[in-house]
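A, B, C and D are the chain letters, set down in written order, and residue numbers restart from 1 in every chain.
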Amino acid sequence: MSAAPETLAIRPPAVWLRFARALWRTATANAAMMTGIALFLAVVIVAIGAPVFAEVDPLDQDLLARLVPPSPGHWLGTDAFGRDIWARIAYGARISLVIGLVAVGIAMVIGSALGILSGYMGGWVDQAISQATNILLAFPSLILGLMVVAFLGPSVPNLIAAISLATIPQFIRVSRAPTIALRERDFIQACRALGFSPLRIMVRHILPNIWPEILVMGSLWLATAIRVEASLAFIGLGVKPPTPTWGGMIREGFEQILNSVYLALFPSLAILVVVLALNMIGDGLRDALDPRLKESKR
Amino acid sequence: MTDAPVLAVRGLSTQFRIGGAWRAATRNIAFDLYENQTIALVGESGCGKSITCQTILGLLPAAVARTEGSIVYQGRELVGLSDAEMETVRGKEIAMIFQEPMTALNPVMTVGEQIAEAIRVHRRCTKAEAKAEAIAFMDRVRIPAAAQRYNDYPHQFSGGMRQRIVIAMAMACKPKVLLADEPTTALDVTIQAQILAELRDLCANFNMSMVFITHSLGVVAAIADRVAVMYAGEIVELASVEELFAAPQHPYTRALFQAIPRVDETAENLQAIPGQVPPITAFPEGCRFAPRCPMRMEKCAGRPPRLAAADPASPHAVACFLHHDLALEEAAE
Amino acid sequence: MKLRIEGLSIVKFGGAALLALALAHPASAAEKVIRVGMATGDIGKMDPHVAAGTPEKTLFTWVFNGLVRIRPGEANPQFIEPDLATSWEHSADNLTWTFHLRKGVQCHGGYGEFTADDAAYSLMRAADPKRSSFSSDFKAISGVEALDKYTLKITYKEHVPSVLGYLVNIQGGNMVCKKAAEEMGADFAKHPIGTGPFMFQEYKPQQEVVLVANPDYFRGKPKIDRIEYKFIQAIASRDLAFEKGELDISYGRSDQAWYDRMSKLKDASVVTTEPTELYTLHLNQSHKPLDDLRVRQAIAMSIPRDAIVKYRGERIARAAKSVVPQGYLGYADTPMLPYDPKKAKALLKEAGYPDGIKLHVVQTSLGVMRDTMEVLQGQMRKAGIDLDLQIVEHATFHADIRKDKSDAVLYAASRFPIADIYLSQFYDSASTVGSPTAVTNFSHCNVADAEIRAARTETDAEKQLAEWKLAQKKIIDNVCSVPVYELFDAWALSNRVKLGYTLTGAPGRGIPLLEETTID
Amino acid sequence: MARYALLKLLYAVPTLFAVLLLVFVLTRVIPGDPAQLILGDQATPEAIAALRTQLGLDKSIPLQFLDFLVGVLHGDFGSSIVTGQSVVSLAAAVLPSTLELTVASLVVGVVFGVPLGAWSAMRRNRLPDIAVRIGSLIGLSLPAFVFGILLLVVFAVQLGWFPVIAPSGDVSVFEDLRALVLPAVTLGILMAAYITRVTRSSMLQVLGEDFIRTARAKGVPWWRVVRRHALRNAIIPVVTVVGLYLGVLIGNSVLTEMVFNRPGLGKLIVGALAQRDYPVLQGLMVLYTLLIILANLITDLAYGVFNPRVRFA
């Protein structure tokens, strides 16, 4: 039973159609989500159109104008090599966004698939997946990154692989626990009794119920993924210099933090904007996709 | 039947905030509930039965729902009371039980605690007293080995047993009015009968009146004294059980009766009536049933009919121009 | 509602706790303690004949003596003066040296008097490749002998450019106590025993080493009671700790921005010390297209040395003037190709690379090395030279560059200030990486072998200098490498610290803390 | 429950073995020679070869692994090849401060995260909610070291309430706790940001559950509904996330440990990796894995405490 009027429940024929409509309805009704989409699009546009938005070459060093604070010439200042921070953030968005979104996306898909599988099937499948998760969790992300370098060699795809690998266990854990709880719920029991295939139950009945949690987790880990790129740079898995990335800029900023705080601050803010935008979208999505979710009582 | 109703509902309208605008989910609900009487609210899903009950207890979130009209309980106006004031009414004076016993209980609290809590929030008593009383109520609703099961969690009970616990919880403070929101819908047929018998029994023993929500006319016959048939947020017909069953007047009520043989406990759409209940955002201007009504007249689309008796001497009221020409005074919002 | 109240009370409680903490002050100790902050996460083996890192060498400065030492505050061997040996003489052919030791010097921890026997043991140990990282410095020694308790004789197979240079109290010249080293074995590296002004007391992993004054120090009991030698990896934390007064001496960062900021602190001074580290870009001639002289010349012309010095800071860096650091015995100011990116492009075109060249470079992720390489990358870009940097962790870097994996190697080094060491290790073909006698010749340079080897055994100082000069010219003309700049070490010192000497150089990298050093 | 715990620990043995094997092989496959690193760049190939023999690195990898396993079975984890200190003594030296920091930041995270998350959920889409959500996102986006340095500049250098670097030696418990505050807050902020998000989301879901309505229908005052009914249910997924994050916290607090100059397991592991200090790396990975497994176990048990539906079998 829902506290919202039951007459609201409309059942269009196809899932994708429901998705699209719900999305559109939520987006237009939800100012926060609109803002989120706008913010995110803005970042994407800046990334794609970096040469337009930043007239300066992000690689161009001006050795005599290093660590300049924000000023008309360099409106976010310059880094330790006299490179324009704004240009580097704009260009850096390209790789950082790809790394963050793709790595978390992959981890989300694989992690929640394994988590649901583990939670739903139980038995030896659960044991095997849990053990593998434990092994993965036992490696600090740095060591995990090193493993990937050792076997695959350094490159952006491998970097993404390393970050995904480090993040997958988080999603396994987050999706497994609620799956176990759901498995016992009546409607899942009913599905089983009706002879639905396990795959169908997992995809059509369990996933829609737990994916708000997964979305929240995803938005949480995005910031981490973008920053992990920086720590992996220490062990040689980072993006090659002088290509700018937000994580790399933050790492450089750490060295100079007492000399100039802007080096670490601005890329961090850039990450904040993306995370903020994605969270606004994520929350909106959740409202759109989860009709059960009700307003708080006050 | 005594003179003053225990609960008098007048012109009750519950509005929801949807897409920034307030939309009325129910309109002009009015009925009286007398002592020891049971009134049934009947209608399809989404007709506003549950919303009406939750409005009476003030359970809808203020951020998205608002109430107009009047609810008088034993001479006391409930509309406009603060939440703190309502807390003294809920459970103690008016209690409620729900459709879904599987989810209505807190999974991390023992059932005993949950019953004892209902006692302790309304009465000063020690934990031990509350516990003893809770066990007594569990006994009273026929839960086997009540004392031993006090510390069990909801998931350790069957659906029927859980509904008994919900009932015990509602009865714990001996309320004057019980709002029962489809309490048997989710249960097996055999269990349903037991629970209905239980509720009847409790009403009689505790001098309690009941608002019973159902979409099943069969259940209505078994438990109610009077019936209010609801459609799209309005009461379209209000009569005693006998009168309604003998001579249903509203085309919708008739359609409901026609549909009986084809409705089982889970089917919610009336195949007998073409079309669907309109969504809250698209209620028609005049009679809300008009688009689906086989006896639709031209004027039905113009103004909404008022709930009134065709024969002034009879308490059998209906909102239909087939029976009288009275229209709702205020225009539709 | 309720939660909000609880939240507030937490804040209140927190505030009260903070207040309570603020009111308590640490008790000030009566003893004189100098706290030194070093840029490291931890210290390695505390065996002077093994460890070669700055954190360890700094510690050895305080714990050990040599037979001789360079006058405190200086880095140049011309200031060599007696330490454990009070006097010495050598044969006419320079092959036999006799040292007369100071009497009554006591080893730390009751390991007895330091005698010629200990000195002989120490030298043998330093010359043994199984026990020492510096054995190559002593390979010319044919025998070490304690003539009596206080007389030591060292004989050499061949002429050594600076016998005394290797016997100062750095690296293999540090004198250990025989009994302690033999008794402790491997544990000696955990509890070093020397004769210096301060004695090892305690090691706390990742935190610090505590040293206490050696009451029997032969130059007198030190005025300070204790050194707390703290390992603080992050420069920001070191700076803040220094600013707050939790450190008295702090290892800085070779960066003008750091220098300027720390110079503004009250009651503190910033000091830069020699020896410098020379940053050199070694060009691997065994890799195409670097086998072509014109390409190497183009690279040399693509590096704006003076601009890079300005970037790093003129108080911190000076432009390289040869492949040997300035001030070393045998160093010769050698003219290099001027900065001219246009000409560099033309040369590349002439060599058959009209679109420029791309070099694959393995680069360490460590701070200043990486910074420098990124500057070079940014500058060389303007001449059409693209450095494809593969940033790897430091350990991998050291392994990879020794396997010829990199087209160019940026290497920073300071050595004992004699041209021979630098030239031999970096430019003698015998030192080429991959060979059995490999050291650090990354460029496969072999044009100056004859001069380097001749100078090594030349007894005539004039002729020796001429050979070294020629060697440097040949290496530079052949562009085996492009020297970039020399960096000083930078330190922040509280004005409360009175070193007791004027600090301009620190041969062992760390600042010497002596018996006369004190703190107000 | 004891049986369950024991069983879980038993399951951990293969995990432990797998981790060890991976660490062992990988560290030896990646480039980098500890002997070279110890002896420095002037060392001759001869000296390096001698040291390799002395360290047993010239043996084949399976043989080295066997040696190591035999040692472990005898309780001998070897000694650092860089400092010569025994691995056990190194671990013992850093473990207390790692545990101390982990627990303290966990406390900070829970104390701030749970109430803020619940508050935010109850004031959904209103000012407090928006403020808390943005605050938690800032906590997630800004790197810990920026917070750390900021806290140091304000509270240690300018106000002088806390030390910049942790005091060493035998200091009073008070001094020790005082040095713990800023690093715990730095790590705790990140933790609180996570917990806030998860609590909020979980709370929102719970507040929509039928039993909340049931509780209100029986007249339970709102604050009591929140505390006794909503929070007790909402905390369950939080326990999972906290447990999950606990492991991450132990391993990834390196930067915080660096900024506040605290000894720690994470720092030691990263340092050992950089130095190719195989014995230390191996020993610490065993310890780290054990801690993770223990953290998981505690999480599982705590989950059972909070959730009566879970039975330990």
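Simple rule for what comes next: a residue touches a chain if its C-beta (ideal position, glycine included) is under 8 Å from a C-beta of that chain, and two chains touch if they have at least 3 such contacts.
All figures in this text were calculated on a predicted structure; none of them were measured in a lab.
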Between C-D and A-D, which chain pair is linked by more C-beta pairs in contact? C-D
Maximum distance between Cα centroids and subunit C occurs for chain B
Chain centre separation in whole Å, for subunit D relative to subunit C (CA means): 36
Can you work out the whole-Å distance between the CA centroids of subunit A and subunit D? 22
Subunit A and subunit C, separation of their C-alpha mean positions in angstrom: 44
So how far apart, in whole Å, are subunit B and subunit C when each is placed at the average of its C-alpha atoms? 87
Flagged in subunit A as touching 2+ other chains are 1, 3, 146, 235, 254, 257-258, 294-298
Listed in rising order, subunit C residues that touch 2 or more other chains are 234, 236, 240, 392-393, 396
Where in subunit B do residues touch at least two different other chains? 54, 59, 83, 98, 100
State the interface residues of subunit C toward subunit A in the complex, per the touch definition above. 234-236, 239-240, 255, 257-258, 261, 307-308, 310-311, 365, 367, 370-371, 374-375, 377-379, 381, 388-393, 396
Enumerate the contact residues on subunit B facing subunit D in the complex. 54, 57, 59, 83-84, 87-92, 95-96, 98, 100, 103-109, 114, 117-118, 121-122, 153, 155, 166, 169-170, 172-173
The answer for subunit D against subunit C in the complex is residues 30-34, 36-47, 50-51, 54, 79, 82-85, 89-90, 93-94, 111-112, 115-116, 118-119, 122, 145, 149, 152-153, 156-157, 159-169, 174-175, 178, 181, 222-223, 226-227, 258-261, 263-264, 267-268, 271, 273-276
Complex contacts: residues of subunit C adjacent to subunit D: 1-4, 6-7, 10, 18, 21-22, 24, 26, 37, 41-46, 50-53, 129-130, 132-137, 186-187, 189-190, 203-208, 210, 228, 230-234, 236-237, 240-241, 243-244, 246-247, 392-396, 398-400, 402-403, 413, 415, 425, 436-440
Per the touch rule, the subunit A residues reaching subunit C in their complex are 59-61, 63-64, 66-67, 80-83, 146, 154, 233-236, 238, 240-242, 254-260
